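Next come two complexes, and both contain chain A; in the first it sits with chain B, in the second with chain C.
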Partner chain A sequence: MTVLRFTAVWCPSCLIMKSRWRVFFKDRPDFRQIDYDYDDDVDAVRQYGIGDVLPVMIVLDGTREVLRLVGEKTMKELERFFGGIAP
Partner chain B sequence: MKKWLKAFLLLGFLLAFPRPTATAENVVVLHFFHLDTCVNCAAEEVALDAIAARHDNLVVMKYEVTDAEAAALFEAVKTAFGDVSGTPYTVLGGVAFSGYNDQTGRDIETMIVRYSTEAHADVVGIVAAGGTPTEADFDEFGYADGDVIDLPIIGEIAVEDLSLGLAAVLIGFVDGFNPCAMWVLLFLITLLADHGDRKRMWLLGSAFLFASAAMYFLFMAAWLNVALTISEVQWIRIVIGVAAFAFGIRNVVRFFRKAKIPDAGCDVTDAKKKRKIADRVRAIVKNGSFWIALFGIVTLAVSVNFVELACSAGLPLLFTQILVYNQLPAASYYGFIGLYILFFLLDDLIVFAAAMVTMRVTGISSRYARWSTLVGGAIMVVLGFLLVFFPEIVTLRF
Partner chain C sequence: MIYLDYSATTPPSDRALAAFAAASRDVFGNANSTHAFGRAAEEAMRSASATVLGALGAVDCETVFTSGATEANNLAIKGYALHHRAEGNHLILSPFEHSSVTACFGYLAKHGFEVDVVETDADGRVTPELLERALRPDTILVSVAAVASELGIVQPIAELSALVAARSRAAFHSDITQAVGKIPVPFAGIAMASLSAHKFYGLKGVGALIKRRDVLLEPQIHGGASTTPYRSGTPAAPLAVSLADSLAEAVALQPEHAHRVAFLAQRLVASLASIPGVLVNSPTGSIPHILNLSVLSREAADMVRFLDERGIAVSKQTACSSRSSRSEAVLRLTGDERRATTSIRISLSHLTLESELDALIACVREVAER
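This part shows the complex of A and B:
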């Protein structure tokens, strides 16, 4: 499975989520992680229809989107949302 | 018989015990419960000696609470006051002071002055004599106009200025959560942290904060001087009040509108403008010359804080306006503005300090920014309303 993460340098919530993701995915090596910058990676932003709130995390199973998380999420919320996804 | 007990009995004759009446200058008895091993007790003992030297009518009774009788009296006195504190414990008339710092010393002296001319009961005396103090025997320590209290960090402040000081703290703090310019600091320290040069990080980060504070201070000082010259014009007061009320309502509405959206995060607004600022920060950090980087940081802080001012939607203006209606001495105006800015920058200072210590940058959650919109909006609604209809209350001197 692939995790796409959209952040921006001017977004404090993105900083918060980056450190949470670092911890969360430490024990989940099966997820391939790709980071996009909201301002630099305009094509990807358009392709995945990133809206007006950052950060955004999308989980893909092949090319199929299985999960999309928008904004700040706690570790518990991350655990809960990923609970139903087996890589 | 213990020394203190003898002195006690002697005092029984000297005082109209247990309820002395007011005379030109009453004898005031101070009961000091202490431990020889307690550092604060030692500090208070020194202070009490100095206080006693200034007040001839003061009698200081000392009780070392490792002594069984003194300990029993201490327990009985604390029970009477409904207190569970340890030493140092000081009782004057019907008032007990627990612990000691410079402010306690000042408060004790305030009570001595008051009791010198006011009738009062001696609760410790009543308890020691085996009696039970009535409700009327207890007193309350309160501040009066003209009293000065000593606050940590802020220093001495007149009691009548306290509510204004609290307003500076509260409004400044709420204003500081406004996220408009904070991301620049975060981005700056992220880039500096990547370079791993802690000294450069300290210097450039501090320069950014200092320049931000100076910029905000200059803006508020400039508005203060404008407001001072137009403070007598009634319609300007009403216009400012109506504008504050309208901005406040807008912020409250915005909060409730956003509350429906569960995803607290960063709103994608002015992304291009932000990108330009980010590029500027990158160029500054990359610059090999420290002095050019420092100059860049200072000019960046000034320009970014212009944005912040617009973002704050009037809280600093409103606070300055409140100061004007208080008709303070010039130094006090600037003192309160300084206090406002200190708390305005508090969240930035915390983030910066945390980044410096851990070398890892984190932001302040957007959830707090959301709540600051509501609190800031509510403050503006209330103050705007008061400005229009009750300008005499808006001085916030309670």
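This part shows the complex of A and C:
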């Protein structure tokens, strides 16, 4: 499975989530992680319909979107949202 | 027109304008020149720096005059992290920083630094215990704003900077832009502090990084030799002189002005409390100059427009939303989506009139009770 993450350098919630993602994905090597910059990667932002609130994390199974998380999420929420997803 | 957005900017005082005009006329030389005109401008810069440091009580420090707090934050954060990269790769900031601080950390994270946002208590304050938990042996920089611009949260800078000095090798930076002239800033443990003149009735286009003399930075603007190794270009001596005058005045009048603003804020909060559907988001202990509130029946952008149409200027903060009205800071603090999308910031000054607050209260009541 692939995880797409959209962040911006000016976004405090993105910094908070980057730090949580670092811990969360440490033990989940089966997820391929791709990071996009909201201001630089405008094509990807448009392609995935990224809205006004950041950060956005999208989980793809092949090309099919199986999960989209918008804004700050706690570690518990991450565990819960990923609970039903088996890579 | 009623202006209630003093945290965005303030009108320049007559003193700031007069100081700029006089210095522009009297010390127009390039401070980088060695002749008498240049030496006069250089002396004016030196004197302005001494005034700034004296007013702030900053000992063993020097002043790097900048174009404003954004440049000062960039120089402090990127300049320090890049210069000290060999000593560590870990950086810490608070979750309620101005975007010019957050963006520097975001930039550094993008370029390989590990950045952690320290947790806060229920009132948004970074406690020494929470900061100690975030510190690591490889932490090189901690940045916590003295006053958060969106909510007015006051951070315990003296305790935090003392902790960083005692328990780590990191430098402590504080963005004191929203604190100068509003509360006393304890300077003892601060390695670097950023400020901007137009937030305390000075001119736009000038700010300063106050740094301890022994703190080394990677310059962010390169060019010829200047009065400081940290910023090339012709020094703006008249702006520096004006900033120093404004700062000295703001610090001297701070107790008197703070007293007046506290009275106004108390009056405003008491009136708003009687209106159903209006909630104050600024936590207990925030400065009285900044009041973040939500009128739950109206989205922030609509509320700002409504007030503007009635001649009242306030602001909304959208730190993490490029176009939406949702405030991530309010959401983080209150956990309430509705409060986050309806949050507006009222910022007061000693210049604010009670009749102006009455006009605001009447408008808020009109919307809330509609």
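Operating definition for what follows: the second predicted complex is superposed on the first by the 87 of 87 C-alpha atoms of A that agree within 3 Å, B and C clash if a C-alpha of one lies under 4 Å from a C-alpha of the other, contacts with A are read in each partner's own complex, and residues count from 1 in each chain.
Convention: contacts are C-beta pairs under 8 Å (C-beta built on N, C-alpha and C of every residue); 3 or more make two chains touch, one makes a residue touch a chain.
Because the structure is predicted, anything quoted here is derived from the model rather than measured.
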Touching partner for A:16 - first (chain B), second (chain C), both, neither: both
Which of chain B and chain C A:2 touches, first, second, both or neither: neither
Touching partner for A:70 - first (chain B), second (chain C), both, neither: first
Chain C-contacting residues of chain A that also contact chain B: 8-16, 19, 38, 51-54, 71-72
Touching residues on chain A, where the partner in the complex is chain C: 7-16, 18-19, 22, 37-38, 51-54, 71-72
Sites on chain B touched by chain A in the complex: 179, 182-184, 186-187, 190, 261-269, 271, 274-275, 277-278, 360-367
Residues on chain C engaged by chain A in the complex (per definition of touch): 93, 95-97, 99, 102-103, 105-107, 109-110, 114-117, 319-324, 326, 328-329, 331-332
Residues on chain A engaged by chain B in the complex (per definition of touch): 8-16, 19, 38-39, 51-55, 70-72
